[in-house]
Amino acid sequence: MTTTKQAPVAVAADHGGREAARARARALTSLISRNGAVAVLVIVVLAGTLLVSSFGKPDNLRNVALAASFIGIIAAGMTFVIISGGIDLSVGSTYALATIISAMYAPRGSFIAVLYALLAAGLVGLIQGLIIARWRLPAFIVTLAGLTGVRGLVFYITHEGNDHPRIEGRLAFEALGTGSLATIGTPVWIMLAVFGIGWWALNRTPFGQSVQAVGGNQSAAELMGLPVKRTQTIVYVVSGLCAGLSGVLTTALSGGGQEARIGDAYELSAIAAVVIGGTLLSGGVGSMVGTLAGVLLLFVIQNLIVQGANLNSYVQQVVSGSFLLVVVILQAALSRRAGTSET
Amino acid sequence: ALLTACSTGSNSGSTTDDSSAAPVATALGSANAGGVPAAITAAGGTELLTRPKGEGVSAEYGPMCKGSDLGIGKIDFKKDTIGWAQSEKEANPFRIASTKSQIEAAKAKGWKLLTTNAQSNVQQENSDIKGMIDKGAKAIIFSPINSTGLGDAIAYAKSKKVAMIPVDRNITGVQGCKDVGPQLGSDFVEQGRRAADAMIKATGGKAKLAILLGASGVNVTDDRTAGFLDQLKAKNASGIEVVFQQTGDFTREKGKSVTETMLRAHPDVTAIYAENDEMGLGALAALDDAGKSGTDKVHIVSIDGTKGAVQAIVDGNFDAVIESNPAFGPASQAALEAYVNGDGAPAVTITTDNQYDSSNAAEALSSGKAY
Amino acid sequence: MTTLTASLKDRTVVSTWAREHGVYIALVLLIAFNAVATTNFLTVDTLQLLFSQVPPVIIVSLGMALVIGTGGVDLSVGATMAIASAVLAKFVVGGSPIGVAMAAAVVAGLLVGVFNGLVVAFARVQPIVATLGVLVAGRGIALVITGGALVELFVPFFKDVRLGKFLGVPYVMIVAALLAVGVSFLVRRTAFGYRLLAIGGNRRASVLAGLPVRRTLIVVYAISGTLAAVAGVIATARLRASDPSYIGLLMELSAITAVVVGGTSLNGGRVRILGTVTGAILIQLLETTLVSHNAPDSVARMVEAVIIIAAVYIQRPARSSR
Amino acid sequence: MTTPVTSPILKVTSASKRFAGVRALEDVSIELFPGEVHALVGENGAGKSTLIKLITGVYQLDSGSVQLRGEDVAFASPRSAQHAGIATIYQEVHLAPQLSVARNFFLGREPTRFGSLDLKKMNRDSAEALKRYGIVADVKRPLGELGLGIQQMVAIARAIESDAKVVIMDEPTSSLEPREVDLLLDLVGQLKAKDVAIVYVSHKLDEVFRACDTVTVLRDGKLVSTGPTKDLTRRQLIARMLGRDAAELDEGARTQLQRREIADAEPVLKAEHLNRRLILEDVSVVVRPGEVVGLAGLLGSGRSETAKAIFGALPLDSGDIAVDGRALTHQTPASRIRERVAMLPEDRKAEGIIPDMSIRDNIGLAALPQLTKAGLVSRKRVDDIVKTFMTRLRIKAAGPQQKVSELSGGNQQKVLLARLLCLNPRVLLLDEPTRGIDVGAKAEVQALIAELAEKGMAVVLISSELEEVVEGSDSVVVLRDGAQLGRLVGDDITEDKIMDLIADAASEQLEEAAK
């Protein structure tokens, strides 16, 4: 147009050090906001170690990690679902399905037992994913129906819960549950591996990009030409498989014999862990590391209640509920400080 | 193949493939050689003990377990702590009484007792038990959520040389004294049988019967159903026709709403078997609203022996209540003492359960036997 | 030619109509099924029973609908019912007149709601976890209040609550209907209703349009808590006992299902009250149907799942929106 | 000028589309040749975006057909259109704000190494590509943190870089500064040279005349004319768009903004020494009654931020804000609205409209307190107001009950304007008020601003069209990087002077940095 002088268009070029200061401030705040749960975890663990003598013992920490690994694996899958803008309430039932099937087919050998359990769990995820993606039905309701229906299926195959199939004798896959590496139980390593792979898939693969874009704004993702339906379907399969894996490990650890009602309300723990980890239920934003910290927080709190106090069951409930609230409020405050303010 | 797995998984070793309820139904009935019921064998009992039984004990099965066999050292109960792991919320009379009994017995002996509650979550119970062991508990008395499924905690206790005493529900699939210490339990199948007997007596063997099942997938439910139906068959009570079977989730509210609906579809029901007192009382509330309460209109038999239900007998609304005695505190702690410090305790002890009807209900209330 | 285009047009008209009225269609189908297949179904008694069982679900769902309208969700309703029930028992056992006891119970629910609202509005915690805290802690609180067990309540007034009828309609259903009308009025006619939907539609834009976002959120959760408490009182009266560990158990899921099956989107920004009420009735009737047919638990659950999906499928969003 | 000798690459034949109750497009045909830049113009709601969405499979045709390279196509989704070589920049930025700039740039076609994203390459290539479009930005930052203009540039770069044979741009320049517009048109030239066919939608007619070979005019969903741009004058084009005689247009001047005499009265708005760490640095805006103060600056210079700060939507570290001499303490939009300060947000999608609400409810929303008695909304008063504004601003819709999300972009903007105006404000903060608004309505809006100012209102105007700021403002505050560079008054307000100020500041900084 009429401009004679060359005005630089570059906006954020590093002039006068101001942009550098901004970048530093941003890096710090986003570090805190993305890792609010990690920060809270560190605080709680430190406080726990100082205040409750038996908490910090290696045995106890190992046990906390082991206990956390089952919900942890489920929560890893849930993270994908929630980042994609959905939710999966069916994981507790799917977990039960895999637990029972893997024990039921144990006589056919480890491979078949694990394979069938994972297939069943993956299939549950696939069906739900297809319904949600193709028919555009709300995930909350579809997976709520999944929660009910799959639990019904579990009752059905156990003859109204009469059977508690068990592994007789030793089977190879039991090592998945009972084994240990460097004194730490195999399920913990498996959970870490799942989180590692999950982190990679979310942040380092096109699929992960697609999950985040779909969750951020589904119609925008469609307009950008991303495979929205496929992505939505896959996240539920991933979630189903994670729940299934967790169920298989449960059978492996306990030798089977679980009740048909096992895994009741696990979805709430998993969702809580994911959300405490800083993932937004509205989708788009979330982190694997956060979820891991969220899961550990839940179990550390639970353990501290057992280790630190001798409470009756209802006071115990009050304490863990309040603890949960404090943690989420703290986490929200940390992330908000760093994130954009809304007034 | 599917069913092979099921049957090997359930309480008995029987391999009937046709009916899922069959393995449990035959559990206590089919005595093995030596007169030991299969369910007891599954819990590690191999022989019926003939030594004189203490009060409240209905049967004891050997071998005798000694803590030292598992390398468990003596416990100094004045200094060491022990743990009590409850399986479900202390929110119904049974669980409240069961925890209270442990706490009071420990207090009476001056023992230090840690307590936890797994809120019906098996994984939680595993980590509760392990948590108490990590906190230094030398022995754990626990009420298992399920007869199986606590393998992780049991293995951990074994590795830490901690004594494990299951109460009220037996741990099955174990070898006597090898995996856990002495077990003290009620016999839920037997409770079902006795309920059937009481029902036959109350109705004169002729009734249109509705069953309020306990929560689905819980083995107490299975046992009480199996025992009941089995006994009806065994007693040839073909006049009792089961027209309705629905879960009432062991709660009063569900017991009531299910009964309300049932009364619409089956107004001709003349008897109700409730697998716990709470559901029975819920059913009673529904009958009352419909103007049908009273044993002259609808018979009710339930299991547990709580005050409310025993009172209902006195009021003429229930026919009979089979007790499921939750007070394992003194007996289990005595067994623990014998197991670790004394000369052993039987692998499986079955406690005596009372039974109330119009003849003894008032007395049970006044003496405080009903909890 | 004209018939072809006409029928084409009809088809879209029919499908739009079905989408709008899915829940009513589903209810009619279920009633038709029962009329044919359930013994003693088409009687006044059956209707009366349904109308005495369904009000707690309806009342809780109304509050839930408002919360969902703001784009949130309230998982604490079941626990709030338990707290209200426990407070009621505490006052009755303490000798208070029943009116006072009921008022106290409702106030307790209100307080729980305000608390939820504060956490959501000020701490900006996501509603699902904010209310999850109360879901976990609430029953514990209720049990602490009652001292841990079920408390039997012998209150003559409860008999009226259970059995009283006006022109054959149970009192409790009349209460539910009046509340539904009230909530509907609130949403459609008041400034508060506008705000609530605006917040659900776009919270940030609402802030910039100068709406009192926080205050509105707190009031919405307070209403939800209050209604849950009312439901808790009715449930207690129905049972003649306060059973804090089980009263309202899983009510949050039933209520959410009722709201969504009734055609309200979980994304917020819209509320359908009549649909919600119908959704609640549908769910209750479904349960009743399965019980009267003596379906085993396993089958009942699977059927329930399929029917819920079918009910939302009828009203699935049209393909070419946006 | 290319004379298309080849056959059309894209051909739409008598496309029609209706939405519940609205006929959005009726019997429209266009042809697009390789190397052709084809402008699509028309009033707000004429059907331009609808036509584009029909081509790319967002909507399905009711009747008609689309041919690509002579073959019938019916894309089921934008994805398939993209695969077939049609790249589209839809109206309003459509990207993933939470992902980094680089990831957005490559979204859907990420380079991988051994299955892993090649982040190094992504960051490097996207930074380089953006530099070519004149944007230097930290490509690792979440896109959403950048200004809307930059986001739009990223979207454009993303689409153009994808090697498409057909590029469709729906109002690509609505948030861009003259500089970026120049750059973009340069790019269009380059694409054209590579025989890419381009559909270009814009309300800025200069651009149409500068860059487009062919222009198609739509009105009310119907095709009005199609032909070479050079055969038309600007006035003729406008006349066709509006469906009026060219003569009729003359009575309305091209731009309705003109400078007024400002009385030396007490300022209505006094916002002084606004500071916010790392965002704003000592910015002052003072507006007297009847004055229009423009904020000028480049993309990301902090203009929107200043407006938000005044409106209480951005917490300040320090600063004094007073209206009519009363100091404002509460930093919330609600309290500002009570003081009769109103703001039109820049990002109408994220911060403006409530998509699922009706036009009526969207307009009435902010004014609720005035329209309410004892908590009850007076339907009649709302209806009256809505009616007034819908006619006054010529909002094109099926009726006041239509959902705002179903409106065309320009009409949504008008709805937001209506929302503000019914507040009857003293201070009006307008962030890009004419963004995406058609020529007719733009004149209308500008006239409205002038009229409001005349009545003694204080107006702060932000516009990416420098021309609009220059012509319409009584004084201009120039910003750069969140700091105030200077203030121009009266005849000093020219585009050159503003650009000079900015350039000087930049070179100073560069010198400083060099030391």
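Per-chain numbering from 1; labels A, B, C and D assigned in written order.
Operating definition for what follows: a residue touches a chain if its C-beta (ideal position, glycine included) is under 8 Å from a C-beta of that chain, and two chains touch if they have at least 3 such contacts.
Which chain is which protein? Per UniProt: A, C = ABC transporter permease; D = Sugar ABC transporter ATP-binding protein.
Everything quoted here is computed from the prediction, not taken from an experiment.
Undergrad: When contacts are scored as defined above, which chain pair ends up with more C-beta pairs, A-B or B-C?
TA: Between the chain pairs A-B and B-C, A-B carries more contacts.
Undergrad: Where the centre of all protein Cα atoms falls, which chain's Cα centre is nearest to that point?
TA: A
Undergrad: Measuring between Cα centroids, what's the chain most distant from subunit D?
TA: The chain lying farthest from subunit D is B.
Undergrad: What whole-number Å value describes the gap between the mean CA coordinates of subunit B and subunit C?
TA: 37
Undergrad: So how far apart, in whole Å, are subunit B and subunit D when each is placed at the average of its C-alpha atoms?
TA: Chain centroid spacing, subunit B to subunit D, equals 72 Å.
Undergrad: Where the centres are mean C-alpha positions, what is the separation of subunit A from subunit C, in Å?
TA: Each chain's C-alpha centroid was found; their separation is 29 Å.
Undergrad: Taking each residue of subunit A in turn, which ones touch at least two of the other chains?
TA: Subunit A, residues with two or more chain partners: 154-155, 160-161, 219, 312-314, 316-317, 343.
Undergrad: Which residues does subunit D have that touch at least 2 chains other than itself?
TA: 58, 313, 333
Undergrad: Show the residues in subunit B shared as contacts by 2 or more other chains, in ascending order.
TA: 89-91, 216
Undergrad: Mind listing each pair of touching chains for me?
TA: Listed in label order, the chain pairs in contact are A-B, A-C, A-D, B-C, C-D.
Undergrad: For the complex, give me every residue of subunit A touching subunit B.
TA: 54, 57, 59-60, 63-64, 66-67, 70, 103-108, 154-155, 157-166, 168, 177-178, 250, 253-262, 264-265, 299, 302-303, 306-307, 310-314, 316-317
Undergrad: Within the complex, which stretch of subunit A touches subunit C?
TA: Contact set of subunit A toward subunit C: 131, 135-138, 140-142, 144-146, 148-156, 160-161, 219, 268, 271-272, 275-276, 280-281, 312-322, 324-325, 328-329, 332-333, 336, 342-343.
Undergrad: Which of the residues in subunit B end up touching subunit C in this complex?
TA: Touching subunit C from subunit B are residues 89-93, 96, 213, 216, 243-247, 249, 251-254, 256-258, 260-262, 264-265, 267, 278, 282, 285, 289, 308.
Undergrad: Could you list, by residue number, the parts of subunit A that touch subunit D in their complex?
TA: 1-18, 21-23, 25-26, 200, 203-206, 209-210, 212-213, 216-217, 219-227, 284-285, 340-341, 343
Undergrad: Can you name the residues of subunit D that touch subunit A in the complex?
TA: Interface residues on the subunit D side: 58, 77-79, 81-83, 88, 90, 94-99, 103, 107-108, 110, 112, 115-117, 119, 134-138, 141, 145, 147, 150, 178-180, 182-183, 277-278, 298-301, 312-315, 331-333, 481, 495-496, 499-500, 502-503, 506, 509-510, 512-513.
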